[in-house]
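For clarity, chains are labelled A, B and C in written order, and residue numbers in each chain start from 1.
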């Protein structure tokens, strides 16, 4: 019996905001970095793995939420892993059936979705405490947030690393997508370091920095707006440095 | 030539000594006021021994604390004892005695002691302390304490190194007064028990001083103990005690150890000279040789300066050009303090004043980041890693600082001198040391508080356990009494004695279980007496009530037993109190409490006697006699009741009739018992 | 008079960080001169582009961090990084290659960690490695030394060089480096036969025509710095000694599978540059002299391993980065014994 008492759940908008921005699994929680850095060499790879992860996240969140009152506290983590593994197997089989070349390219990283801490983390921290609808919504938003970062990373690395964008989309989206590829820098361009792991770390770091910078700017703007309104109010600072 | 060793690290800054040694040691005019700081020595501040308005003579003692003493440098009147700014790195003012000089410079009576060897060592040390001789090379440590070491000393090192640039006070002293210095060395040797070796450590940049020393040694003659010279290459910082020991003996002083543990004592040249003046000439330490140098002064030189002279007087004598003065430093350029103003007094350790213009001091520059070039590690005489110490001091990682031996840093400043990034390394190390010391002090305090708390907890628990034991013992005694009672019903005459004895035994056990101080014992006994008296009174009351009601022997027995026990307890308590009072009165005069206790003892004694008598009576009787007595008592009760019945009105009559019936039944029982006893044994 | 309290010491030695860096730049000049003599204008153009990029990047990053640009640029450290990179990169390399290398070095390897004194890795080597693995083709196209050019021809003039840097091809002047040639060119031949066939080796006394002069010039510059006390002898000597030892140990007399002779390893490639200018970079090296001995030895061994059994013809850059990795660990175990202690302590020891 899960012994955490049910609290008033967060709203749909809040969950969405968390999953997509404020608590993004890749840029804020920094979970699931191994597949993030290893397979985002092209957009199609990133899309494939991202969709697989999304599917697993939604499914496992739903399942965990459904049986959250039946699972004992001591065995909850092995139970979650079993559920996640089941869904990962389904995703892997689907991919093997309908996108075989991509399945070959992604290789070991599809089964390794089981070890993606973002999924286990959401199951433990959210789905095991919230009702079904909210858990599914959270899984969807977290998965979309992860997918968004994967796509962005894949696009940047592919574009600046190999000089192409949307190459080999037919592996996932069918033969009609094979001519989506663009080569804005010409066919000889390559900046190999971005395709290799050091480049992955560098670009991820820059993305995290960009997100933090955006957050800081919004915060500063919000403070300035508030500061103008509450002009006469006295506030005593008890934390932070006094500039 | 005595062998010398080389120390690691070190730097070679420009010496700048030639400016101030060209002339003999000069004399100064008497200043108007002398300000003698009371915190000049290492250790606690001295206590003033004069009052405001008092006239003092030159050399008269004005303050004292332990082995440190301060004397009036000139005759005059004490005008104030107040806080004045002094030359301390903290910048804080200190208590000072201010003397207005009367110009006569009149000496107090001096007591020269030329034949010091005839004086007992301890008395001579006391004289040294009285005459205020303290270390003049740096910290102002009272010389009497340093020379009073009880370890065997095999070497006396005379520190004539003066390794810092600009300072020439010791050099000048050696050039002019080397013979007096050697007398000081002899006095120190005598105080140390005549160590086997006496070595003067001096750098090779003082050839005139070396020549003067050699001449003085040669002139002494063979009956004086030999003094060796150890001349070594000039390097900063060779004059530090630890470095000098390494240079002269090749040994390293263990971290945190004193030189005495190696059998070595180091003394500065100025201190030994002052020792000679104090003992042989009878003049307490009231002046020292101070170098005044720096380009902002037109004249540079060494002067015999009275302690307490305002620095401004010295600078004025040397024709200071104030507009050129960029920084006023007391001490050398490597370890000296930058003074906030010149209105500060000279103290016993003021060996040099540098009135520097802006070509002589490094302009303050912002520190650049450390590039870990390692020049500081090359310069460090203690083989530390200053760049790592800096790294950890910046981030306040105190355990890493200690792992890198921060407290072995002698704060010589060689690392800051060479740092290409202008990082004030020594300042960071001082701050780090201060933080760690503060942490240790806080930890000691909290450890002590925790210990006290734990002891208190233990004491409270012990009290709880004692109370519990008392309760148990009391319960046990009561049960024993009851058991004894029951047994005595069947067996007979041992009963009251048993019960009484059991109670007494229980009380004794309780007393034995307690360990208490005489005070506690007295309190306990007084409490015991009070409670016993109360119990006795209750027992008496009960007995009286029961007798009045006409109770029989059975009912009376426990009451009598109780009375006896209470009486016994009272008796014991009084005995103990008496014994305690005896012991106390043997050691100290008797107090009022014992007197009142005696009064109480009398009253208690009477009650005890009465109870004893009653118990004794009961004991004395045989079972048959006992029963007879009981029967007689019962008959008396019956008679009384019958009379009451006659006199009573209707509603009482029923009750009385019931009691009467009960009593008559009891009477029957007693009679049958009596007959049984008579028939039995 | 009232003065501000200032802490001791009140005098200072004349050396400053800027002065140290200026000496390093001065010591690089002989090497740059020899490179220009042997390989034309390419090196000087590289220097110019690299220095400009480095100063711009550093100024931008320092401004981004909200600090005084003038104060931070005045320590000449960006210029030193730029010159070291320029010397290591091939002459007549495309301008964007130099820019990317320098930008990576300054922005990523130096300023992102906090600027001078805080970088765990040598910035010049990081920049070099970034372009080495990204643009292998451009990084392996070196020039032939002056003495090997066809009689009558000389290296490109300044104008032609600038054109090549801007994008034109440089076919007429390309040639392999000695290490490159040795690694990929020996096809079952004995070393002596190979040397006799290759003009790059047959005309040389030690290790490759022209290249040996470059290394000797860097050695001379480094010895001047050693004499001035800018760095201590421990790290360079340890590296050269261990590299020599490895080369001597594994020299099998010149068979077709040998790893290269001792002179080849010591006097070709970036050996002298690495030994005297790059591992002596104090920020990223070990701290104590004993530590520097271990650090240098480790790098020497790694250079040999990568050159002979690794994928790259010259392993100096990678070896140095691996040494930078190991430096804090080496520091932990090589704290010197301080005065008054029986034995040296470990840096992570808990105080008694």
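Here, contacts are C-beta pairs under 8 Å (C-beta built on N, C-alpha and C of every residue); 3 or more make two chains touch, one makes a residue touch a chain.
Here the structure is a predicted model, which is why all the values come from computation and not from measurement.
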- Count the C-beta pairs in contact for every pair of chains, then give the pair with the highest total. B-C
- Query: Quick one: most central chain, C-alpha centroids?
  - Reply: B
- Query: How far is the middle of chain B from the middle of chain C, if each middle is the mean of its Cα atoms, in Å?
  - Reply: 62
- Just curious, how far off is chain C from chain A if you go by their C-alpha centres, in Å? 41
- Message: Multi-chain contacts only, two chains or more: what residues does chain A have there?
- Response: none
- For chain B, which residues count as touching chain C in their complex? 8, 11, 13-14, 91, 165, 242, 246, 252-257, 322, 325, 327-329, 331, 333-342, 354, 356, 360-362, 364, 366, 368-375, 377-378, 381-385, 387-388, 399-400, 402-405, 408, 413, 416-418, 420-422, 424, 426-427, 430
- Task: Give every residue of chain A touching chain C within the complex, in rising order.
- Result: 190-194, 196, 198, 202
- In their complex, what parts of chain C are in touch with chain B? 1-13, 15-17, 19-20, 71, 75, 77, 114-118, 229-232, 282-283, 285, 287-289, 331, 335-341, 345-351
- For chain C, which residues count as touching chain A in their complex? 100, 108, 130-131, 133-136
